[in-house]
Amino acid sequence: MVKAMRHPSSAPDGPSLDSIRAIVKTALSEDIGPGDITTSSIIPDAMSAEGIITAEEEILLAGVRVAEEVFRTLDPRVEFEAFAGDGDPLKSGDKIIRVRGRARALLTGERVALNFLQRLSGVAALSRRYAEAVKGLPVRIVDTRKTTPGLRGLEKYAVRVGGCWNHRYGLFDGVLIKENHIVLTPGVAEAISLAKGNIPHTLKVEVEVRNLEEVREAIRGGADIIMLDNMDIPAMRDAVRMIRGHKEREILIEASGGMSLDRIREVAATGVNLISVGALTHSASWLNISMDLYETD
Amino acid sequence: MVKAMRHPSSAPDGPSLDSIRAIVKTALSEDIGPGDITTSSIIPDAMSAEGIITAEEEILLAGVRVAEEVFRTLDPRVEFEAFAGDGDPLKSGDKIIRVRGRARALLTGERVALNFLQRLSGVAALSRRYAEAVKGLPVRIVDTRKTTPGLRGLEKYAVRVGGCWNHRYGLFDGVLIKENHIVLTPGVAEAISLAKGNIPHTLKVEVEVRNLEEVREAIRGGADIIMLDNMDIPAMRDAVRMIRGHKEREILIEASGGMSLDRIREVAATGVNLISVGALTHSASWLNISMDLYETD
Amino acid sequence: MVKAMRHPSSAPDGPSLDSIRAIVKTALSEDIGPGDITTSSIIPDAMSAEGIITAEEEILLAGVRVAEEVFRTLDPRVEFEAFAGDGDPLKSGDKIIRVRGRARALLTGERVALNFLQRLSGVAALSRRYAEAVKGLPVRIVDTRKTTPGLRGLEKYAVRVGGCWNHRYGLFDGVLIKENHIVLTPGVAEAISLAKGNIPHTLKVEVEVRNLEEVREAIRGGADIIMLDNMDIPAMRDAVRMIRGHKEREILIEASGGMSLDRIREVAATGVNLISVGALTHSASWLNISMDLYETD
Amino acid sequence: MVKAMRHPSSAPDGPSLDSIRAIVKTALSEDIGPGDITTSSIIPDAMSAEGIITAEEEILLAGVRVAEEVFRTLDPRVEFEAFAGDGDPLKSGDKIIRVRGRARALLTGERVALNFLQRLSGVAALSRRYAEAVKGLPVRIVDTRKTTPGLRGLEKYAVRVGGCWNHRYGLFDGVLIKENHIVLTPGVAEAISLAKGNIPHTLKVEVEVRNLEEVREAIRGGADIIMLDNMDIPAMRDAVRMIRGHKEREILIEASGGMSLDRIREVAATGVNLISVGALTHSASWLNISMDLYETD
Amino acid sequence: MVKAMRHPSSAPDGPSLDSIRAIVKTALSEDIGPGDITTSSIIPDAMSAEGIITAEEEILLAGVRVAEEVFRTLDPRVEFEAFAGDGDPLKSGDKIIRVRGRARALLTGERVALNFLQRLSGVAALSRRYAEAVKGLPVRIVDTRKTTPGLRGLEKYAVRVGGCWNHRYGLFDGVLIKENHIVLTPGVAEAISLAKGNIPHTLKVEVEVRNLEEVREAIRGGADIIMLDNMDIPAMRDAVRMIRGHKEREILIEASGGMSLDRIREVAATGVNLISVGALTHSASWLNISMDLYETD
Amino acid sequence: MVKAMRHPSSAPDGPSLDSIRAIVKTALSEDIGPGDITTSSIIPDAMSAEGIITAEEEILLAGVRVAEEVFRTLDPRVEFEAFAGDGDPLKSGDKIIRVRGRARALLTGERVALNFLQRLSGVAALSRRYAEAVKGLPVRIVDTRKTTPGLRGLEKYAVRVGGCWNHRYGLFDGVLIKENHIVLTPGVAEAISLAKGNIPHTLKVEVEVRNLEEVREAIRGGADIIMLDNMDIPAMRDAVRMIRGHKEREILIEASGGMSLDRIREVAATGVNLISVGALTHSASWLNISMDLYETD
């Protein structure tokens, strides 16, 4: 069975500092280019300031560590204080972060820091809504590879912040035989067999099926995980019954395709172990977060 | 006046090949890591295949050149044929692209190619809706710096595909004195003056204002562009009247803040020259596009 | 069960062209720096030549594609012809490759091309010896993470060329709870449980044990794979018996630690499914391969 | 009008620390390669030393921050003390910098640090001479894109240190329609119109003209800035008169082409707003600066 | 003896294609940033054009291969034809290069291509003047490490194009014990001895001396090359006599410091083997080269 | 003569911090990818631990500084204490390093740190055996370019730790005319002459010869160093006698080819100055070093 227990930390483990630095550097570089001409032409180099970042609507916070890195890159001596942590639900008006340092660094970093916070909090908040929709049921909501190019690590982290789970990270850490694979092989069972013969033994084999016939083949081929793709609820129920009837080994069942919020609990009730939801990352909208600056003495 | 004429090419100029290659490489690298283990374990190296990419709903197409680069990176000899170009409106079921080459390359590149197409077409489609909402009015809808970190060039391109215009690219190619700058200076006029004294002469100076008092200061300080931030319609009308009453030089007027689709035409009717809309990039959702594979002889 | 069937290609799938190019570029750059001063000072730019790469002892070939990339990087128009492919056993004196092109490119690339061929063929040959030592037994010899820094992809490929299998690639695509983890947790079962609660469902959980007591805990905790670390043969036999006695689910058994060639068949005969051998990569020595140049007209 | 007031800092804003680090890393890497063999073979690792950098002729200082980064890269704990700042005029014999730290780091970094100081001070000094030649006149001397490949940010900074101004940084932050553009379009006015219809509204449009006929077209087309290219003084006077006669909007006038020091004041007196001088960067020679080392206890 | 014979190629060996690509990419990237907005807004994507690059004064050509790479990077299908090669002396008005391809690529690449050609031809021309000043004498004019940061490979190549020779490339391929080293060691002889004991045997040891006393020590210590630093002509003559009087082994003599063109032949006549001239790279000015565009059918 | 005196530091100068960081980053990146899922799923973020690295057999230590960088990259605040330094001989059971810090960082970095230590200590230990085999004889054992791609700097450093010397680093800092060069030139003497005419004067010219005839040519051509390639002992003796008989200048003699440990002293006794041994780097095996973790309060 896939378990749901979390390790004792308050927030899930985030991307490595190195990978945060890389994406922050990319983001600052595309925004600043050869220089922030507004700021450098009107703000003296020596001026200090304080910035307060505030939630402008109800949010689920994600990205504090990334925002910190944005300001720290621009001013290594910045003082950064967070009033809330990733995973905290906040109301409109709640202060999130106080940052003090070179006024130029705060002005230059503001937009990039907010872009990360707004995007990641949006993913976390949507994930939280999905997680709550299946509360109490023995099922995991998992994400997909439908992430923004270049942001996969951060978006998958925000999914965990929101209380959902990650599917495989990419093509290298999980085997998923999809329709487009099967059409190029003699059949489902043969594809599973080939995979098992070649992949590292630490990986399970998942296969995507569209009907009961393929479910049967997948069981026969030895699939560890069967993904029910775009099936309606009655078909899912039949598939779950067929798979659970196979007693020789534990097979995980994943439902996928068009998993909207209003439908998710009904899907979960069919007895599947996992529901993968592309919307967690591809349909999350940005949340409203702003920053105000103050001069310091 | 800001003009609206476009140059004679059918599609707007896209990002350079070099920058497309860089983001495609990043995207493939995060998805593939050390290898696509599913594909390499079940699909023979020598197998060829054909993929058809199809619109699964009504879309405005953007990103064809990026999708091509995805497959070309994985198989330099791939045959890539597009049935439609960026900016074309398509119906559900319309074929977009046929790509033929190594089966492994097609399987490995599918998700990344679709991620780009779905995201960029989403931005283009939303931009198109805004552009059409102000059709016939002498106004430009422009984007903002609220873009996904790392994707600014592509997202700003998709905005142009959708028929809107770009604001400055980043902090280096336009001067915009915002509230957070002004709070650290003696005042609006002084800030404008400092900017004009230091920036290259090829750039205009834009200043953000929140009320008529600040509008007056901005005019006096010599602003080239005045951004009316979060004003209601009557206040915008007053501001436009005051600015147009200043005959000594042409001043562009930009409206900004909470520019939803249902409100945009009324805003445009106030006589502003530009309306900046963060939603073009931060609230666009992915469109549904899929790929089917076929074995070739 | 872990299967042993291979997909129909003659050679296993190698690293991506992109990753080959990256390591080749690194290797050429450290060798050439600002220029091959010997070659450029005595060989005319326009001169063509032919190089023949030959086995100087009995070898198992690996690295042909990498050697090609070395020469192609230095001379994009080089003609490269391989008389043998990765996985082919060769005798001393057998010709491996003929390469024709700019004389300077051949001279400059020779050492780097040979360094790759000699190292990778060495890993493949040693892997082959291990593979043959357990021929006919239902066991996989797998590699470890004891690879040369920077060369993991190529060395793991050479292991496959030699007829062995890969363990996980790195820390991201397999879960292996080792002694050093367990010492920091309340116990084996708790560690397994935490892992299952957090990792993607596509991954199995492997745990390292040192005695029968820990084997029992690992079974109870729900391990998918149990690694018997540094046990002697009788202890392994007991462990296998205990694990196989657990009928509720299939558990893979891996033997590890000090797996020398003369002992490997006896270990395999205990009934373990996998034997991990660090020596495949850390104790392989270079094979003798050379290159001779000829002037062409 | 283009203003000349500077913001209150003593020195103009320099390139970002990140961009300084990048060019310093490149410069050190090309000089040190795999190691400074002289220094490492004769100087003990633990030895400390002090270096004094001194002006060997009359200079205008630029590059102190870059020199600091050179030594700090090689020895993070170096003590770096500057006796003068960028923009300070110094006499032969004046001490500029004292740096204390690992003797090896000082010896290895000496040449690279001096190369930056000598080159940048050269650009600053020449810029100062141009700036002084037009002292008191309402004109800006501006640089061009004729900068050393890879050093644009630093060289443009040195121009500001010398008291001149920057033209656009590159092709992305300013519109300049040159002769080579016009020859491929229907004409000056059409080219201006196309540009205005496509570029962000924050940018002005500049056009290069060679005679009064083209000046007239540029005014008619709506140019914001008109560059008089390679005109003699009488032609410039006529052009200025014609442009100033156009009262409807302010048009900036830039003179360009063969702007030698002995001619520049006469050009300025014609009433142009800007004079662009390629020589600031492409004809500056290095100034003489040296470093002496002393052993410390 | 240092020889002067050159290998049979017409032009000296240039930097590797890889290193040319790297510096060209840097140069284009700093100039183009996110896009050439002038060109893309007024020139249609499909338009073709032809550019002719012409000498505007008497030049010694260098950099053709670099200019080609600039255009090829922007348009891989460009037709590039050179009417002259590196090392060719040209008169004002001589055509150098014809390049045909996408009009946008030609416009965008023009300035960067010219920047390389103008700078490198400047270095080559000045080197040629030095080479001719010592024509017929058994001496080599060599360059120094006083090169523009980031351009060392290209500038040292231009020195060879001009008929001079290269000193060591950097700190890694030659041993030069300078005054600043000696002050930190017990003395000249000891320093030489330490160097010989540690460096690879393929390298000679050069030592910088300032007077006859140090010359004597350098001979005694076993120096392979003695650099006479900032000596006047009579002192050089004495030093040459003293060194040539030492018959036990061949010692090369290099003169250095303040080597202006009008003095160089007299220095050469003292019998030194080498004269190092920083001016070759740090005092070369750009030559005048331009490009004209034409529309093609 | 090549000297053997070493400078006063206890350990030879290692690679620069920058180059260590680069290879450490590569190694960590290939091992960790998007994350160490075992560690992050079972070890709390806030837990601290202590690791002790211990020799498991007799070793000659090398790589301490690299191991430190591994842990410091993962946890900048780690406490790192070394009980032994590079070059120290250790017995089985000797503690090498104590490292305290975030438990996750220690677990994640363990394998990479050990991989460097085991590999580099292996090279150092083998080098030491060669160095001791010729103890007391006036000869240097030197390495070759047969190093692991990407690790040349570290492996050549380990050679020095073991008491041997480095040959040239790569193709750029030494001239070695090999058989494959000579076959493309008119002959040995001509090749030497061409080289001397083109290379920087700071470099010696070495030539590879296979028989006495070629030795004679090499002397005549002016070789500074003659490499006797694959000669038997009597032939080497003849060659040494012939070369020493040439009194006009000092010529170094290097023996090369098949230099096994049991033969090396006899070779040294022939009077050669240098013996190059590829085995130092290509045949060194990893030494056994391990790490144990402990929880800290």
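A, B, C, D, E and F label the chains in the order they appear, each numbered from 1.
Everything that follows uses one rule, which is that contacts are C-beta pairs under 8 Å (C-beta built on N, C-alpha and C of every residue); 3 or more make two chains touch, one makes a residue touch a chain.
Here the structure is a predicted model, which means the values were calculated and not measured.
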Shared chain contacts [chain A and chain E, defined touch]: B, C, D, F
Shared interface partners, meaning chains that touch chain C and chain D: A, B, E, F
Chain of greatest Cα-centre distance to chain B: F
Same or different contact residues where chain C meets its copy chain B, judged by the half mark: different
Longest centre-to-centre distance from chain C, chain (CA-based): D
Centre-to-centre distance between chain D and chain A (centres being mean Cα positions), rounded to whole Å: 45
Centroid distance [mean C-alpha coordinates] between chain C and chain A, Å: 33
Centroid spacing, where centroids are CA-atom means, of chain C and chain F in whole angstrom: 24
Residue numbers of chain F (touch at least two other chains): 7, 30, 32-35, 40-43, 152-153, 169-170, 172-173, 175-176, 194, 197-198, 200, 203
Chain contact topology (line, ring, star, complete or other): complete
Chain D residues touching chain A - in the complex, by the definition given at the top: 7-9, 13, 15-16, 18-19, 152-153, 169-170, 172-173
In the complex with chain F, residue positions of chain D that touch it: 25, 28-29, 32-35, 40-46, 73
Of chain A, residues touching chain C in the complex: 1-7, 12, 140, 142, 165-169, 172-176, 193-194, 196-198, 200-204, 206, 225, 249-250, 252, 254, 273-274
Chain D residues touching chain C - in the complex, by the definition given at the top: 30, 33-34
Chain E to chain D touching residues, read off their complex: 23-24, 26-27, 30-43, 47, 49, 51, 103, 106-108, 110-112, 115-116, 118-119, 145-153, 169-173, 175-178, 180-181, 183-185, 191, 194-195, 197-200, 203, 282-283, 285-286, 291-295
